[in-house]
Every structure is written in C-alpha cells, then in structure tokens.
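Encoded as structure tokens, here's the structure I'll be asking about.
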Amino acid sequence: MEFALLLIGNGVLIGLMYSLIALGFVLVYKATDAINFAQGEFVMLAALISAAVIVMAELPFWVAVIVALAGMIAFSFGLERIVLRPLLGRPIVAVIMATIGLAAILRGAGPFIFGVETKSFSLPVGDEPIFLGPFILQPVQVTGAVVSILFLAAFSWFFLKSRMGIAMRAVADNQQVASAMGINVERYFALAWAMAGIVSALGGIVWGSMLGVDVHVSLVGLKVFPVVILGGLDSVIGAVVGGLIVGIVENLAAGYLDPLVGGGTKDFAPYVLMIIALMVRPYGIFGKRKIERV
Amino acid sequence: MFHRESGYFKTTYMADMALYPLPIARWTVGVLVAVFLVMPPLVTGLTGGIAAEYYISIVNIIMIAVVGALGLNILVGYTGQISIGHAAFMSVGAYTAANLAVKLDLPFWVTLPAGGIMAAAIGVVVGIPSLRIKGLYLAIATLAAQLIIEWIINHVPWISGGSQASIEVPRPTIFGMELRTQRELYYFLLFFAVIAIIATLNIVRSRIGRAFIAIRDQDIAAEIIGIDIFRYKLIAFAISSFYAGVTGVLYTYYLGIANYENFLITTSIDYLAMIIIGGLGSVLGSIFGAIFVTLLPIVIRLFMESFGTLLFTTAELNNIIPAVRLSAFGLLIIVFLVLEPEGLNRLWRNVRSYFRVWPFSY
Amino acid sequence: MLTLNNIEVVYDGVILVLKGVSLQAKEGSITTVLGANGAGKSTTLKAISGVLYSERGEVTKGHIEFDGQRIDGKRASDITRLGIVQVFEGRRVFEHLTTEENLIAGAHIERELRKVRENIDLVYSYFPRLRERCHQEAGYLSGGEQQMLAIGRALMSRPRVMLLDEPSLGLAPMLVEEIFEIVSRLVNQEKLTVLLVEQNATMALGVAEHGYVMENGRIVLEGPAGKLRENSDIKEFYLGLNEVGSRKSYRDVKHYKRRKRWLS
Amino acid sequence: MSAAETLAERGRAAPILTVEGVSKKFGGVTAVHDVSLDVPAGAIVSVIGPNGAGKTSLLNMVSGFYRPDTGRIALEGHDITSLRPSQVAARGIARTFQNIALFSGLTVLDNLMLGRHVHMQTGVLASALYWGPALREEVAHRERCEEIIDFLKLQDLRKQQTGALSYGLRKRVELGRALALEPKVLLLDEPMGGMNQDEKEDMARYVLDANLERKITVVLIEHDMGVVMDISDHVVVLDRGRRIGAGTPEEVQRNPDVIQAYLGTSRGGAQA
Amino acid sequence: QQKEIVVGVQCDRTGATQTVGVVLCPGLHDYIALINSQGGVEGHKIRAIEIDHEYKVPQGVESYERHKKEGAVSIALYGTPHTQALTAKLTEDKIPGTSPGFGTAAAADGKRYPYIFPIAATYWSQGAAAVKFTKDQLGGNLKGKKVAYLFYDNPAGKEPLPILEDLAKIEGFELRTFAVPAPGVEMGAQVLDIAQRFRADFVITHLFGRSPSVSIKEFKRVGYPLRKVVALVWGSAEADLEAAGGAKVAEGYNTLQFAGVGTDYQVHKDIIAMYKKQGKQPPEVMQSTVYYNRGILIGAVHVEAIRNALKAKGGNGTITGEDVKKGFEKIKGVTLGGLMPPLEITPADHEGGGWVQVFTVKGGKLTKQSDWFRAYPEVLKKHIEADAKKS
C-alpha cells in the first residue's frame, strides 16, 4: 500500500512537469487553432539557451531565466510573424506540417549553434532530495509542479475574466469577425505564441536541469499528446488534470502492470486510457465540443 | 501532360468518364509507362552498372513510398481522417508476410496480399474510435495505435520472431528467378506501384471515393443523403491500411528483413509530410510528395558535398552537412508551405493551366 | 460621410468582383443596397470594413473615404476604431463565447470598463431576450437570438456607421420587423449611419432614405427610396408585384419567364 | 384544378409520413415538445414558426439526425424513429439544409451522383477495377443525374466545383442532390432564405414541379409567408417547441394565436 | 591498382542517437586521417566517406547503395535496425560491415553471418560480463542474491535477457527485469521498485539516449548506492554523467567499455600531434573519450582488415570486399597501447572474443577498475549455436 502511495506521489510530481509542457501546446491551440508539433523542440531550445548562459557564459541562474524568457518570447514572435502568419486561414494540416518542419530546423540548428555536447546546470533549489513522510521528492520536480500550478491559476484567470483573454478566445473562434470588432488579430496571435514561449522557457529550464541539456530534451514533447488529449486540446485546466492523470497512470502501470506482462507499459498505458476516455468524452475531459448544427 | 481540351467532343457518358478522356493524355501516359519500363537498362548504359544500382535504388525506395503515400492520402486527403499511425500498419504487413514466408514458406504473391489484408483488419480496429472521435483527437488516437502496435510486436515473440524483433525473409522469386539486385527489384516494385496508382485513381472517381470526399467535406450532409459514415470511415481505414500493409511487405522484401524499427512514428510523420507537401486529396500529389520527401535530403547532401568543399574541410563538412541538411529540410518544407499550402500538385496544376492556354495567356 | 468612389475589388488576384462601384451613405440615415445573389453587395461592405483582406481580396482601384479620410487599404481593426463596424451576413457570433462575452469582445476598442458595462446594459435594453441568455454559449442560441447578438455586439463599440449585411436572413417575419424597428430607432436616437444590404426589399425600402441597386458588380440604379419603390422593374423583381401592383402568386410563375437584367 | 380542390383531394390521401408526439430536449432547453404531424402523400406541408421554435429540430428528428426523446416517426407505416440518418435516406427521405451543406470540393455532377449513393452497389474491389458492372452502374446513374440536371437547368455547371457557385445556384444544386435520391418525401429547410424575389420565384417553381411532376411529398420550412401561403396545401405552426396551430393557409392566417406568436400584423409578415 | 581505398561510414549526427554520432564519427575520421598522414596503409590512402542517415532506415539503405557506388570495400555500419536491414544486402554484395555494440548478438557467428562483424562485445557478451562483475562485487557468490535488470524496452534492450535468465539459473540468483519504454525521460516508478520493493543487491542497466542519466539521478534520489549499479556500453559515456549533473554526482557508478577510456594512449598523442602539424587545435569532442575512443577502435579495425587484405594480395592488385572480409578474419594482436581489447577475429568468431573492461566513476572521473575480461564463454557459445539452429 505504501508502495502504491509512493508511486502516486511520483506520478503527481512528474505529471505536473508534463503539464508544464502541455500548457504551451494548449495555449497555442486555444488561441490560434494550430497544433504545435515542435513543442518538445521549443523546450529544448529554451534549455539550450539557459545552458549556454549558465555553462558557457558562466553567468548566474537568474540571468539565464531572463535570457531564456526573452529569447523564447522573441523567438515565438518571430516565428508567428515569418511562418505562421502567412499560413493563417490555410488548412490545419499545413500548419501541422510547418511545425514539423520547424522541429527539424530546431533539431538541426539548435545543437549546431549551441554545441552538441551535453551540458548540465541545476536550479538554485539544490539537488538534495526532500523527505516528506514516506515520499522522497526531487527539488526540481517540486519546482516544476509549483510553476505548473501557478501558470494554471494565471492562465485560467486570463482566459475567463480578463478582457484580453476574452478577445483572444474571440480571435480563436473567428478571426475575420474578431478583426471587425477592432481586435488586432495578428497582435493576439503573437501574444499567444509569446505566452507559449514563456511557458516553454520555464519548461525548458526545469526539464533541462532535470535531464541535462542536449537534443534529447526535445523527447519530452512526446509526452504532451496523451496529456492534452485527455484534458482537452484547448483547456488550461485540462492540461494540468491530464498531466496528473498521465503521471499517476504511468507510475501505477510501471509498478503493477509491468511485472504482469513483462514489458514497459508506462508509455502506452496512458494512451489506452486516453482512447477509452475519448470514447466516452470525444473532446477530452475539459475540451470544448464543436458545435454542430444543421 | 500538357493537354488542350478544345476540339474533342464526347458522345457517350462512358467516354466522358474515362480516366484519360483526351487522346493526348493517353499518349503522355503511354510514353511515361514506356520510359519507366526502359529506365534500368538506360541508366545502366549511361552510368555503368554499380552507379546504376545506386540510382535505381533511390527510385525503388520512392516507388515503395508512393504506395504508402497513396494509401495515407486516401484516408487523410480524401476522407479527412488524420492518421499519425500509418507506419504501424506497415509493420503489421511486414510481420504478417515475414511470418508466412518463413514459417509456411509461402511465396510473395500470397504473403503480399495477406500482409495487406492483415493490416486492413487491424486498420479497421484502429478506425473504430472514429465513430465518436474526430479531427485532431482522432489523429492522436491513431498515434496511440502506433505505440500499442509497436508494443505488441515488441513483446510477442510469436509475432516478432524473438527478442531482436526481426525476421529474415527470403528474396522474392518469379519463375524461379530470385530478385536480388536493385535492377531486378525495380520491375517487381514498379508493378505494384503502378497497380496502386491505377487502383487509387479508380477508387477516388467512383462511388466509394465520392463517399469519402463527401465525408471529408460535410459529414452531416453525407450521412443525411444516405452514406453510412462510420462504415465508410472504416472502409477508408481498411483501404488505407491495406496499402500500408503492402508497403510494409514490399519494404520487407526489398530489405530481406522485417523489423518494426523501420516503421516508427518518424516514418509515419515522413509519410504525412509526403502527402501534405504533395497535395492532400490528390493521386499525383502523393507521387510528387513521395519523390520530394525521399529526394530532398539526398539532393541537399549531394549539393553540399559538391559545393561545400570550396569552403570547408571534410571534417568540418561531416559536421555541417547533417545539421544543415536537417535544417534545410525543415526550412524548405516551411518555405514551400508558405508559398503553396495546397501542395506540389497545386503548383503543378498552376503550371499546367498556364501552359494549357499558352501562348495565348490572358 | 461615407463615400465609395469608383472602386474595384479583386479576389485572389484574378476574380474581378466589383467593377467601379460608387455610393454614399448619408449621416444619420439608412442607405440600402439591393441586388441579386452574387452581385457584390457583401463584397462592397467588406471592402469598407477592411475584412476583405482576410479573404484574399483587394481594392485595386478607386477609393473609400470616411469623414474625408481615405480608409481603403487600412486594416480591419483600425477601421473599426474609426467608428465603422460591420454586422456579417449569416450572424457569425463567437460560438464558444457566452452572450455576454460576445458583447465584451465587441467592445474591444472601448478602454473604460465602466463604459463597457453601460453599453452592455444599453444592448440588453434594446434586446431584452439577450439578457435572459447572457450566460448561454452563443453557438446554441436560436437564429434570431444570434442575429440580435450580432447587432448588439456591433453596437458595443458605439459605432458611427453600421454596415448591416442581410439582417433579415432566416428570421421570422415578426423578428424582422422588430429588428428593423430597432435599427430605425438607433438611427433616430443615436444618430447612427447605416448602410443596409438586404434581400427583403420591401422592408429595406420601407426604412431607407436612399437606395442603390447592384447587378454584377456595378450600381445600375439609384435614387431616393420612395422613387425606387415606384420603379416598375423594382416592383417586379424585388417586390414581387405584377404590373397592376398587386402581389402575384408563386403558383402562377411560368416555367420560362422573362428575365430582366439591367446591364451585364 | 383550383387550389381548394387539390386540397380536398389531397386531404383524403393516406399520410405517407406520420410524426406522433415527438419531444426533444437539449440540456435545459426543450426544443420540441409533443409535436404530432401527418403528411398526406403528394402534399406540400409547411412548418412555420418563430426562430428557435424547433422547426429544424423537428426535421432533424425526421431525418434521423436527432433521436427523439419521446414519440414515434413513421414512413408509410414503418417505424423509422430510431434509424440512423443514412438508413432514413435509404427509405426515401431526402432533405436540404438551412445553411447550405454541399460538398464544396466536388463538382455539381459529383454532388448529384452522391445523391444517388443509396441506389448504387459498387464495392471496393469493383471500384478499384472500374470495369464491367462498376462502369455500367456509373453510366446508368449518370443518366439519371443528367435528367435532374436538365430539370434544374444546371447544364452549364455540370463540371463546376460547387464551392465557387453563387448562393442561389448552390441552393439549387442542393435541391438537385436531394432529388437525385428519388425520395418519397423531400424535407426543405428554408430553401428560399437569402434569395431575392426573382430567385424565390424560380425555386418555388422547382418545388412545385417536383411535387406535381415527380409526385414527391414536400415538407417545407420557410419564413417567407408569401411563398408558404401560396404553395402549401397544409400549414403547421410551432412556437417554443409546441404545435400552436395547423390547417389550410387561410385558416392559419386567421388563427389569432399564430398571428400573435408569429405573423404579427404588418408588411413584414405576409408581404402582401 | 587502387590509389585510394574507400571505406563507407554510416553515422548519426542528427537522429535519435546524435549525441553518440557527433563524437564517435570524428574519432573514426581522426584515426583514418592519422593513418593517411603516416603514409596510408601499405602505401594506399584511405578515404572514409561519411553519410549521416539520421537513424532512419531508408536513408541508411540509400547511404549503403551510395557507398557501394563509390566502391567501398568495407562499411562501418551504425544502428541496430540499419544493421539488420542491410545484413542481406551486405552478404549478397560481399561487402563486410562492422556493428560494434549494436546489431544482433548472433552475428558473432561468422559462419552464419559471413559479412557482419560485431568486432566488439555483443549484448550477450556484455550481459555475461555484467553478471561476472556483479558476482565479483558481491563476494564471489550469487546464490540467493537479487539482481535487477533495468533496460530500455526495445529489441536491443531485451537482447541480453536470455543470457541473464540462463545465468540466473546457473548462478542461482533471483533476476527481476524492469523495462523503461521510450523516450525514457522518466523512470521514477521502476527505480523506486528496485530500491524499495524488490530491494536489489545489484543492478545491471542497459539504457540508451537520455535514460542512463535519468537512471543515475533516480538512483541518487531514492538513495540507492551507485556502486551497486553496472551499466552496459551505451550507458557509460561522459555525456551520461554530465547529463546526470556531472561526474561527481555519479561517484561509484560502474560502466562496461569495449574500448579504453581516457586520453592516455599513444594514438591520442599522435592525433594531437597531427593537428598541431596542420596548425590546428585538436577537436573538443576528443574529451568525450568513451565515444571518441570507440570511433578510433572502429577505424583501427577497418584499417587492419584492409592492411591484411592488401598484404594477402601482395601489395598489388585491387582489393575487394571479399578480400577485406578475409582481412577482418585475420585480425589479431592489435592493441593500440591498450585502447583496444586483445581482439582476435576468426572466420568463426566475428566478435573477436567479446572482451570488456569496467570503468568506475571515482573522484569525478571514469577510472579503470578491471582489466580486459570476458565471461561465461560456454554459455554464450550454447546460445549462438541454438540461435543458428533456429533458422
């Protein structure tokens, strides 16, 4: 029983770390209807920037945070401007493909620019495990979880209550009409990408310090899919709840299912759960359903 | 394929509905077929035996890719169901054929359709969620299918042939002749590529294909005019996975081994890239896309190899080429999408419609 | 106050849709544009509001002036800031936003929160039905309610000019009247200028001061609404009246009837 | 044949479509409440009512798109209440949509051919071959579609993509697609919406011709009272999901409930 | 007579295993350049044509055909799926290919796979060696001990399983397996299980990519001593330690190596001298000695094979893939000052003995812990023979 509790504890923390990455994905989808297949590479880029500042330039951690935030915001702005804006209103698969192309560019150019060797840095929270009852918590993961929850609160408020948030949802709903309401559609798209950039920057720092920094960091992008689908592609709270579910299910699967079937079920257990969940709720737990009327 | 339409009148519906209603188009197709038939000896004559093997090997890989891309386009381009798990069906086909070929000693003309049918059956199962799940949610459900199929192959030795998950397959034989060299495999692959192309052209212009497009454009209306959309989505999944299964089998015979690590998500994404870049909902686009995605990295590399030495040393080049090739691949995809989001096929049509009235442009 | 001078509009770089359209909307009155399907009425409105560009359309000739300022080529959001707002054909509410959020989005250019609240109350006073549905997702409102919301949303920015595209489309007769009444009231009370595109010519010519008839991308007839109502072609093709002025029955329409086109 | 005679004659015809006490709720909203309706074979029956009255929802239930919470729908005496839309279509009910729902990537001809989907049989293998029976079937059905093309005067547009057509033409193609199904009952949801007088007259003509020449029973939703009163044999009025009146056009026009809920009193109403 | 002898080099500098490729391939090239700068092999320059295949099989096939076109007499393969995919082609075309540390373990059998040369300890040999090391660490007796096997859940990860299971029976220890599925960025549950539920006495890990470093971090977190962990060859590089937070964090961690570690070998001095002579700095990747040295090893084996082939031809005439294959099969006694194991490749044994060395993290550095050794050859032989019978 205690083992199960420990597994769940693991799952909660790692799940919230997944959410951190999923949030960036959800923001972009929610505001611009674009699926960002380069989310993992975004995180990798942020991690590379932070590592460059800390390891190569040997500057303090907080400088790295600022540079990574600024860098990712600038990058997202540029990306929106150069790549995604011309694709506005084009078929959704074109946007998907563009982000796949972007992922290739980042994977090719990122290590080339920032150096191929693996770099590591640690968060100022230290490396010593925290003991909390039976739980042994890794400070990095705790940090990631806290950041995730902070973002959840901030973004939930933003979209539900703030006028900018409402405007952003209006843009997502119908760009043309939104522009006729005096909403500067491009600016909101840029804003959405910048927000995704911010989340990715922090995701990159946390994951980068956990995994060590090189191209492999981008692998965490793969974890996003079951998370966002379970929670609902366009739901901020969904990203967090989805992350928690995936984290917990993964851990329980590894703890209890693996010994039975003799293989790593961790990766596909969440996917199986996801399909079952989708059969019941086709738009995820919190996703909004498409309004279909004739 | 530059043809002019004026001057030909069709007197029967049959003539109006032919695949290539204009004589000039029939001629072009004829010439193309002839070119493809004589290509290997021609290339061999021009470049010498070993070099020819290389060039033909590239054509061979493209022809295999064409089959897979056509299948995926039926599902994604024509029926509008995005799939990111296409490669998994290829591995289903590959292992089915490999097991039949090794355990039961069956020849390729049995294992090939068998691989296709098995993949189609699994495809139908994977398609079942499409009853309720739509759009991107479905796309990611197919990603799940990819992972689950990979997992099963990896963990069931009876399918995978052991912990290495690879099964060596004897080369295909025709009339007692074993096909080994690229030149010999060329005709083998060409045969199936052509069949796949013709079958796709026929399917998409007939009742089934129209139903697919109807589902893609307006699923509610499709259902209300009498199309059982669930059934047709499953049919689309089945046909598409059949093609994928055949692709997997062809690939297995081409390599002489079945191995699921040839068919991971990256492969699925490559195929998706082919049809998006080539043009969704277009047979010609699938072919263009297969060519483009296969050739692009090779061309970029050859280009860099030829001109890079002017600026860099070989050691530097070894480091630069891969990075640049990957980035350039991504960049070209993006540039291309920004310029023509509807794909190569659209670009081709624009060129063609320009020439159609040429030299009397408006 | 709003003048279109000989404008041409091209879609996709090749499809010429408006071929030299000139018209004016007088301040504080309703000006209507009639015309068959595909004549280019909506395109005209989109050219004014600037949303044309998001449909790959472009004003290639002529100019559009508002208060003596050229506005063609400006971005849609900037034009809205000048006080011109379009109510789209076919309602086009933000489906996933609630009624109230739709209104808030409509007031995007209004900075003061207090004013936004005031405007919402004003809209609710015009359309009490909307208050009842204020927390309902707009996509599930009925057609009429969506139309009210679309107009109400446009009012939220306190525009000086409202471009109304077929407000009666799909609405029940009583509602059509109601909406036209409200529009007239807005024009009278709030000094709103309205450019109205309508298929329901009877209603449109009833409330408008001046009218234009558009055919195939050109203005083919214009005049005061009263005059237009008397025009025999208008009577037959837009009002459905026969020569003697009484309504003819749809059952009596012949299979092959005479078609009138002013120009082509 | 005067209108009155037709009606008397048709009133006696056996109902081809019967709707008995159907209701439909969405969350808290009752879209349709206990509505019954008999559609005599060969008649044109109009359903009118304010926006949100539940007219479209009623059609949606008939065509199988919504499943009624209660009640029963029958075609020629056979229960079709719980059939799926495609099965309903196969039984012979076709419809058009309030907001046009054509297959925009296909040509006019292909849209009509799709209308004939339920009458065709070709399977996957046969169509991959496109030879023999498959080809013969295509040709045979192409002929039927050509008849409809002639009927609706769409000859020039056969090979045009429907996405590029004008609104009025798209509505006509949609009617054509429904007719291609060779339905027993045709459901039309605001076929004249967004049209000008001229086009409405054309559309009314086509509907009447389909009814008289092709003997198709028509259920019509329309807000243009001029059209409704002129061409329908029978009118049913809904309000807030309930049936508040029914009868001949004249009766309905005099019904005070209907006037209060729907028609109002002035020009916008009857356009007369 | 050939002026240049072409060797094909498949490499992954942009794919799933790029962190290996960017270090390993330069090592290989540097060694060949060194040989060329010393006058080549028997007077022949060697041209190593590298093609990056992005760890994708179709590109691997294309690169193979390209190498063939360029006239390659041997090919340094890279990647298990690629090796599998090309096995048939290599045999048909009679071009030998090397697959150190990947490919099938059964390919050690030169009779069965005449043109595939693992040239280094296969996963079977590594598994056996890891058990031997475990036994030594646990005081020479494994009876009743608990050994955990933490592996990447793909064919390569699963390959040592039959050997481990067999040895568990022979040595009487309890083996439990823990799979880490791709992408392996998280394994909290498995490590927790090993440390707190199973309570393993020793852990053998066989992980790839990012997962070795994640395993180190997780073991640290749950407080499991790293000195009771031994990693097979792809979890043993400096990069893995760095990613885990630096070598000091990983104190005690044991690694299996099939090439020497560090830069204290003569070749390194020679390579540095070569760069100096060209007026250049030696490449930074040289500091990643685990992979760099493996690159050297691969280069050296190819060079030796070619040397043997040329010698057999008596210095004149052109050598073919078939000649080089025979050249491989004569390799013996090449040590590069201890960087290479006492390799002895024969027509029957393409693995060359299956030697490994253990290096342990001590004082923030990978330090040599054992000499070259191999373990349980009889068990391995039995498996190779059984596998050959299967087909």
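Lettered A, B, C, D and E in written order, each chain numbered from 1.
Keep in mind that, in the parts below, a contact is a pair of C-beta atoms (placed from the backbone, for glycine too) under 8 Å apart; a residue touches a chain by one contact, two chains touch by 3 or more.
What you are looking at is a predicted structure, and each value in this text was computed from that prediction instead of being measured.
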item: Touch graph components, with chain D removed from consideration; value: one piece
item: Intersection of the contact lists for chain C and chain E; value: A
item: Furthest chain, CA centroid comparison against chain A; value: D
item: Most distant chain from chain B, judged by the mean position of its C-alpha atoms; value: C
item: Whole-Å gap separating chain B and chain E, where each centre is the average of the chain's CA atoms; value: 36
item: Approximate Å spacing (C-alpha centroids) for the pair chain A, chain B; value: 32
item: Separation of chain D from chain E, taking each centre as the mean of its C-alpha atoms, in whole Å; value: 73
item: Rounded Å distance, chain C centre to chain D centre (Cα mean); value: 29
item: Junction residues of chain A - those touching two or more other chains; value: 107-108, 111, 262-265, 267-268, 293-294
item: Two or more partner chains touched - positions in chain B; value: 151, 154, 220-221, 224, 322-323, 325-326
item: Residues within chain C bordering two or more other chains; value: 140
item: Of chain E, residues touching chain A in the complex; value: 14, 18-19, 22-23, 153, 176-190, 192-193, 196-197, 209-210, 213-214, 217, 220-223, 239-240, 242-246, 249, 284-285, 288
item: Footprint of chain C on chain D - complex, ascending; value: 3, 26, 29, 49-52, 98-99, 166-169, 190, 193-202, 204-205, 208-209, 223, 225-227, 230-231, 262-264, 266-272
item: For the chain C and chain A complex, residues of the former touching the latter; value: 49-51, 54-55, 75-77, 80-81, 85-86, 88, 92, 94-97, 101-102, 104-106, 108-109, 113, 116, 137, 139-140, 153, 157
item: List of chain A residues in touch with chain C within their complex; value: 88-89, 163, 166-167, 169-170, 172-185, 288, 291, 293
item: Chain C - residues contacting chain D, complex; value: 34-38, 90, 140-145, 166, 169-177, 180, 199-203, 206, 236-240, 247, 249-251, 253, 255, 257, 259
